[in-house]
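For reference, chains read A, B, C, D, E and F in written order, and residue numbers begin at 1 within each chain.
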Amino acid sequence: MGKVVTLGEIMLRLSTQSGNRLVQSNSLQAHYGGGEANVAISLANYGHEVIFASKVPDTALGEAVFKHLHGYQVDTHYLLTGSQRLGTYYLETGIGGRAAAVIYDRAESGFAAMNVLEWDLATLFDDVDIFHISGITPALSKKWQTMTLELMKQAKKSGCKVSFDSNYRSKLWSQKEAGQVIRQLLPYVDYCSAGKLDAVNLLGITNEPAEQEHELAFYYKEMHRLFPNIQLFYSTKRKIYSASANQLIGTLWQDNHYYESDIHEIDPIIDRVGAGDAFAGGILHGVLEQMTPQATVDFATAAAVLKHTVHGDCNQFNKEEVADFLRSGSGKIIR
Amino acid sequence: MGKVVTLGEIMLRLSTQSGNRLVQSNSLQAHYGGGEANVAISLANYGHEVIFASKVPDTALGEAVFKHLHGYQVDTHYLLTGSQRLGTYYLETGIGGRAAAVIYDRAESGFAAMNVLEWDLATLFDDVDIFHISGITPALSKKWQTMTLELMKQAKKSGCKVSFDSNYRSKLWSQKEAGQVIRQLLPYVDYCSAGKLDAVNLLGITNEPAEQEHELAFYYKEMHRLFPNIQLFYSTKRKIYSASANQLIGTLWQDNHYYESDIHEIDPIIDRVGAGDAFAGGILHGVLEQMTPQATVDFATAAAVLKHTVHGDCNQFNKEEVADFLRSGSGKIIR
Amino acid sequence: MGKVVTLGEIMLRLSTQSGNRLVQSNSLQAHYGGGEANVAISLANYGHEVIFASKVPDTALGEAVFKHLHGYQVDTHYLLTGSQRLGTYYLETGIGGRAAAVIYDRAESGFAAMNVLEWDLATLFDDVDIFHISGITPALSKKWQTMTLELMKQAKKSGCKVSFDSNYRSKLWSQKEAGQVIRQLLPYVDYCSAGKLDAVNLLGITNEPAEQEHELAFYYKEMHRLFPNIQLFYSTKRKIYSASANQLIGTLWQDNHYYESDIHEIDPIIDRVGAGDAFAGGILHGVLEQMTPQATVDFATAAAVLKHTVHGDCNQFNKEEVADFLRSGSGKIIR
Amino acid sequence: MGKVVTLGEIMLRLSTQSGNRLVQSNSLQAHYGGGEANVAISLANYGHEVIFASKVPDTALGEAVFKHLHGYQVDTHYLLTGSQRLGTYYLETGIGGRAAAVIYDRAESGFAAMNVLEWDLATLFDDVDIFHISGITPALSKKWQTMTLELMKQAKKSGCKVSFDSNYRSKLWSQKEAGQVIRQLLPYVDYCSAGKLDAVNLLGITNEPAEQEHELAFYYKEMHRLFPNIQLFYSTKRKIYSASANQLIGTLWQDNHYYESDIHEIDPIIDRVGAGDAFAGGILHGVLEQMTPQATVDFATAAAVLKHTVHGDCNQFNKEEVADFLRSGSGKIIR
Amino acid sequence: MGKVVTLGEIMLRLSTQSGNRLVQSNSLQAHYGGGEANVAISLANYGHEVIFASKVPDTALGEAVFKHLHGYQVDTHYLLTGSQRLGTYYLETGIGGRAAAVIYDRAESGFAAMNVLEWDLATLFDDVDIFHISGITPALSKKWQTMTLELMKQAKKSGCKVSFDSNYRSKLWSQKEAGQVIRQLLPYVDYCSAGKLDAVNLLGITNEPAEQEHELAFYYKEMHRLFPNIQLFYSTKRKIYSASANQLIGTLWQDNHYYESDIHEIDPIIDRVGAGDAFAGGILHGVLEQMTPQATVDFATAAAVLKHTVHGDCNQFNKEEVADFLRSGSGKIIR
Amino acid sequence: MGKVVTLGEIMLRLSTQSGNRLVQSNSLQAHYGGGEANVAISLANYGHEVIFASKVPDTALGEAVFKHLHGYQVDTHYLLTGSQRLGTYYLETGIGGRAAAVIYDRAESGFAAMNVLEWDLATLFDDVDIFHISGITPALSKKWQTMTLELMKQAKKSGCKVSFDSNYRSKLWSQKEAGQVIRQLLPYVDYCSAGKLDAVNLLGITNEPAEQEHELAFYYKEMHRLFPNIQLFYSTKRKIYSASANQLIGTLWQDNHYYESDIHEIDPIIDRVGAGDAFAGGILHGVLEQMTPQATVDFATAAAVLKHTVHGDCNQFNKEEVADFLRSGSGKIIR
């Protein structure tokens, strides 16, 4: 089992019940989550030792974040308190042809407003195998752009691998700004979640795949050419029939080869938020356990598919359950 | 923006939660709605000035009707009080192969039992662009058959266009009686929602479309031949796979041409009641805004599709949201 | 109308709400059911006189079982009290690709722990047309293996037909043990629910159908060759797309002919538990009403399909509703 | 154990959740009940054989009434179907200083609209010990005034005792009309629930109790003087602190003596509807079991108190539970 | 009927269900409210024409605010959109000995961050009888201190009366700062809600009432001496037994006399938020209707008491219901 | 901060919603708890390092127990898996005059059926300050009687203090058997929760307190005379007005003195289960923190009172919240 640090913002999500609009809702579901926190929980569920570093307010909402993470045995020694407010977002759950709608209310959260790295960097990465962070963090502020770089450098210095999930959010920054920043970060990255849109829109890759080529294989190769330090690229291909039914294929580029999972049809979708984090968590698990690339991408995709079947942002499955699903995956009751 | 009057009965709907039969239900969802009230709300959501005329009891149930309409800024100056009871119906929500089941308990409601038109007809249609009424109203009583005619005549006299939705209900009257009455009303109608079944069963059209012809185009043309005063016919084609999944196509006949929307697959259906009203509201919006016929039918169909994704009888979407759906319509989260 | 006795264990089922895992659930749905109790309720709903014999504790949980059965007018004169505990099981409801998961907590229930047949066998089968029991009962204990045999013999002696549903549960006994016991029981059986897996795994049928042959027709014939006393075999063919969508075909072998229902696509599945019991109840209804084999299998399959659309273990439909579904089955609202 | 017939209307009650007004409620609780049906259920819970005679529609709502009664083993052979509609009422549950508010929607129900007694009177009272009916029934229509009389006469002829609960409802008839009718009925009554208000307002008793006299004892005696055929008068004294807290004392006049229960403080009140029926059921149980008057009034009052602790119109307690409450009544957990 | 403008912040309240702590809550109740908005709704419910002026974001949350106000027919022509975020607060509902706990998350809301008065002051107070504002508004920012003064001056210039509710919130500003600002505002005020704590802590009144004097009468008189322009002072005396049970007395000082309502015992408390606003609304209604001071304080106190019996921040009662409560107030069902 | 081990059974509690009987409940609330687990959580909430030792099954129910404990940061290294079943009990929540009712279904749970102490006793008590166990554990089996003794001896040998809560359960063993066993255990105990009933019924103390003496002070002194090794006795005095309202006083005997808390009136009671454990947790916290006896009993009683205000078995309050309640305790909102 490995040891992992993930660092990022964790927010309160307030979501409607399926079939209601936000404007008609007099009751909202409360979930706590964030890209890096969700990855932390996935990995903790698979048995790894995981530290989640962030900052939350010193109120019952902050306490609820602690309790949420403790429930999955995530280490919270680097979860600071004292922030002004907890970032929040409202999710009007999509259904059928009606897309989900998000309202962010995350400005000025304690994490976003941080000006210096408040954690003890001297110890944070001790004996850590992987440091995982996402592109949402540098999108929060100018300060966070330099602090993200500083964290990556510190992690590399401590001898740990850096994992980065691009996670582009158009509501937080422009493609241009994101591209500039991410290009500065990628030289420090070992494992990177990025897809075609990242390659084209953020990294400026303009040449195009040959007709007979796997599109993603091409883009991974191109990105690898730009950043040869990155050993592993991964992302999912999602075909969106509706907010309730999607098709999902996991992809992985490792050791100069391209791997794809089986095609998964997901219907109905209970909760789509966090599926990408579940996929990332599965990939990092494969890396930590030195699974074969094919086994890694299959496991990660299975985890992502299962995530869609439960309410809340985070993966609720341990590694045996993911493996069972891969084996049978049928929806059959055993009794 | 236009000004519209709709007039009809508004009822309390008591519905089961999906997956329960009425006989097992110890909790019922309460919604207020009716064909004309639903059209009123759609148009108010699109920014028009809308008056809904009806009659409700002087109790908390009547008050709830007022509150419901006020929430959407529908004008209630012509919503009378003092009726005996509020019409009610029970809806056992359908799911999969099990169809929805309706129990009407609407007899002797204050609206249905009305004997004279109690509104001030001298002012009701002042500066009104469209008067909308449905075939449910004349189905309520002999009195209502003559009163519906009287309303239409009065509306025409005031210079406003008359919109009529045939809305045939077999539980309220026979095809024969409905046909006789509706044939008397149609000479006063400008915009008419009616489909093949109305043409054949109520209007007695017996010749059949040629093979290469659009079936509905044919029937619209035939109805137009009988009632050349009607400028615009519209209705939806619905393929029912199950109570949870339908296909929907909107159709419109305007300026002697036939228009069809794209094909929409609706799965799952959250609440099917009121989809026809959402379609009618969209058509009337297109008319008021002088949209092209194709834009009108596309907008109206999109509104109808969205209606299926929310609980309750009425369209919960403004015109920007309908337009967004038409543009993207994917079920994709923007964040 | 006929008279039927069914005998077996009835349990409390505690199930999660769809979209939640058991581990996250702070509220569980309580339903009472069991194979033989569910068949009893189906037949009572169709108008037959039905006795359900079992044993429950003398507590509020036992009382709830009585109330559940009385609600469907099942005769409880042979429902004993005084048992130690009520068997329980936990159902994590499946959804999409995630299968349902069952945790049994049924050991040492009053019924399972029974050592002698505590009912008055002298009267239990008086004027009874059919005695129905399932393979779960002999799976409960060695004692129950001999007691099941004894019940069947007694039933035959009283002149009533014996109906047996193999209902193999791998969590209760091995295929080998089940096969030995069931082979002892089948000589007393008139109507038998068993499929290909029962034929191969329990009855040791090793030859295989010819290519152009209906697979189930072949196995029914083979089983009939072994147990010529059995007049009627039946079971369903289920294609599992996911925990939320299945295809179902009912099959029946009667008078040396093989019959199949139409193909039914079930989507979404509200509650799959008890669908087999609803099918069995439909078959026995056909037998009691002397319907044609085709009508019998169509009715039984329709009942099973409808069962999937309601929460709880038991069929909530009377015979008119099942017949209506067979006629229209569309998901269309009549209003 | 005795045999009892009760006859009256049974309605659907739609009530709000405590703390919400009807106008804000989008979900309503559905319960089935009525004075005579509630008494029937109380007596069935105590082990008596009870027939409930009424008429309900041939819809899922009628079915739900049957299922409700069967759950308590009330005999429904005299529960007719075919009525137009089920009487309904809306209850805005009171709380603290805010009183409950009732909206009746019961006109034209199948029972209220009945013109002739549709039951087989030749058999209805066979071997019946007590026939129970309330003053709500003659309040429904002129027809019902004569039909109530006819029923009482028929019951007396069949040798059964007549029980009458005056149950005056100001929303249904005037004191004057009620008084005239009830004075015609009382000569056929053996057991009568009536209190001071009935004595003064309906029966015209104008003299007043002496100062040192129990007020109710005085009125019972006066009523007995008018109707010497009535052996037993009973009612409760209720002090209303608020909609959530009441004081209750049961009273009984039997064999020319006046009996009172202990004082019960009820706080909080979960559901007050049906408490009087639970009291009446307790009294009739005492009569059938030939309990002493003191034991009778204690039992009946305990049943009424317990009724306040459960949702729904009817008493959910068997005789052992009522007796346990009388013995300990503390709110102490035994574990 | 009068015409009133209220102006202030409106927030989203997210509250727990009674009996749960915030940290354990996975579902929160959503209500919209604010002191001035609540007063607006009270007065609209009593039939007055009411404008609520504020600013909300251009999102579904802003839309929900509009819908909330429209449901009560509050005029929203001066409700601006375009603000950054909607102020939010979390309420852990108190129960018994456990006090309610509030977490504010209102900083940087569009209203709080306003720098200039964005409404058209030239028209805002046209024909307006009363302008109502609370001490929460100047507590939001330095800017709001001057803007509040400006609004009051403008209102006075337009000839309307100014109503001010001191509403001191220790989480928003210190007593010293509040005192300085409020002393600048009071010279423009006609009707003022303030109590002993305001007199002592904010207005610096140090002398004390004589022993035989009504404490509040004394403080009102003292405050009147400082601000002789204020014709009317009012506030409630609340005795807190627990979070679930309070005693409430309304007080009013008008025309140099002191008036008190009856003592009201409130048990249980469903929702205490907004009770003060309901009281203020009742007082202003009395003023607008020129009720006697005693009738005014009785009405206002009754409204405040009723407010405690419903979920949400705002008074759900019309003037007939408040009057009914004053007359009977018992918790008695009329049926 | 101290280090504590608690050891005992943890069960699944399935409880009804207040106002429903178990027999009518189709949904049950799931909570995990047990005397020793609840004490563990209290102490973890106060910041101590706490190990909870027990055994649960290797199923989702076992997992849920782990997640429950991890949420409070209780150490589960000594929480074994592999047991047959999880003990369960059903709680019909009491309300007003209706007492709560418990149905145990705990026989044959993995913990109860344990035959040898399966934990590593060599390490379990390393550096542990207090070992806490309750009288429920030896009540489970003969084996557990000797194993409890063995655990206490081992704990004493390791130098840690032994805390024992008598927790007599009449449904598990007789007073006679309990007395014999407990008298064997008490010589190893340092801190003991026991009251008058324990003294009289289990320890055979027959002499009685003098009239002017505190009853509990007398019994504590007597018990101390029998077991001079016990330094500290504690228990609560509870006056039960109803299942919804109780009075509570905490008592403590330490250093040969008797201490009492203030009188607390608790109304309403949300959930009474676990209040004794919350009291015990408070006492042990006082001991670990070397608070004065008066401060200890005040703190412990406050914790017990607060426990009544939340759903579930365990104390949801940290030490600051308990202290706040002691200071203000009013039910006042701070905002």
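We take it that a residue touches a chain if its C-beta (ideal position, glycine included) is under 8 Å from a C-beta of that chain, and two chains touch if they have at least 3 such contacts.
Protein names from UniProt, one per chain: A, B, C, D, E, F = 2-dehydro-3-deoxygluconokinase.
This one's a predicted model, so the numbers in the text were calculated from it and none came from an experiment.
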Chain B to chain E, fewest steps along touching chains: 1
Centroid distance [mean C-alpha coordinates] between chain D and chain C, Å: 42
Sequence positions of chain D contacting 2 or more other chains: 21, 23, 67, 101, 268
Overall pattern in which the protein chains touch one another (line/ring/star/complete/other): other
All touching chain pairs, where touch follows the definition stated at the start: A-B, A-C, A-E, A-F, B-C, B-D, B-E, C-D, C-F, D-E, D-F, E-F
Sites on chain C touched by chain D in the complex: 67, 70-73
Chain D to chain B touching residues, read off their complex: 14, 21-23, 25-31, 59-61, 63-64, 67, 84-86, 88, 90, 92, 101, 103, 105, 107-108
Chain F contact footprint on chain D (complex, rising order): 264-271, 305-306, 308-312, 316, 325, 328-335
Chain F-facing residues of chain E, complex: 18-21, 23-24, 94-102, 104, 169-171, 240-246, 268, 272-273
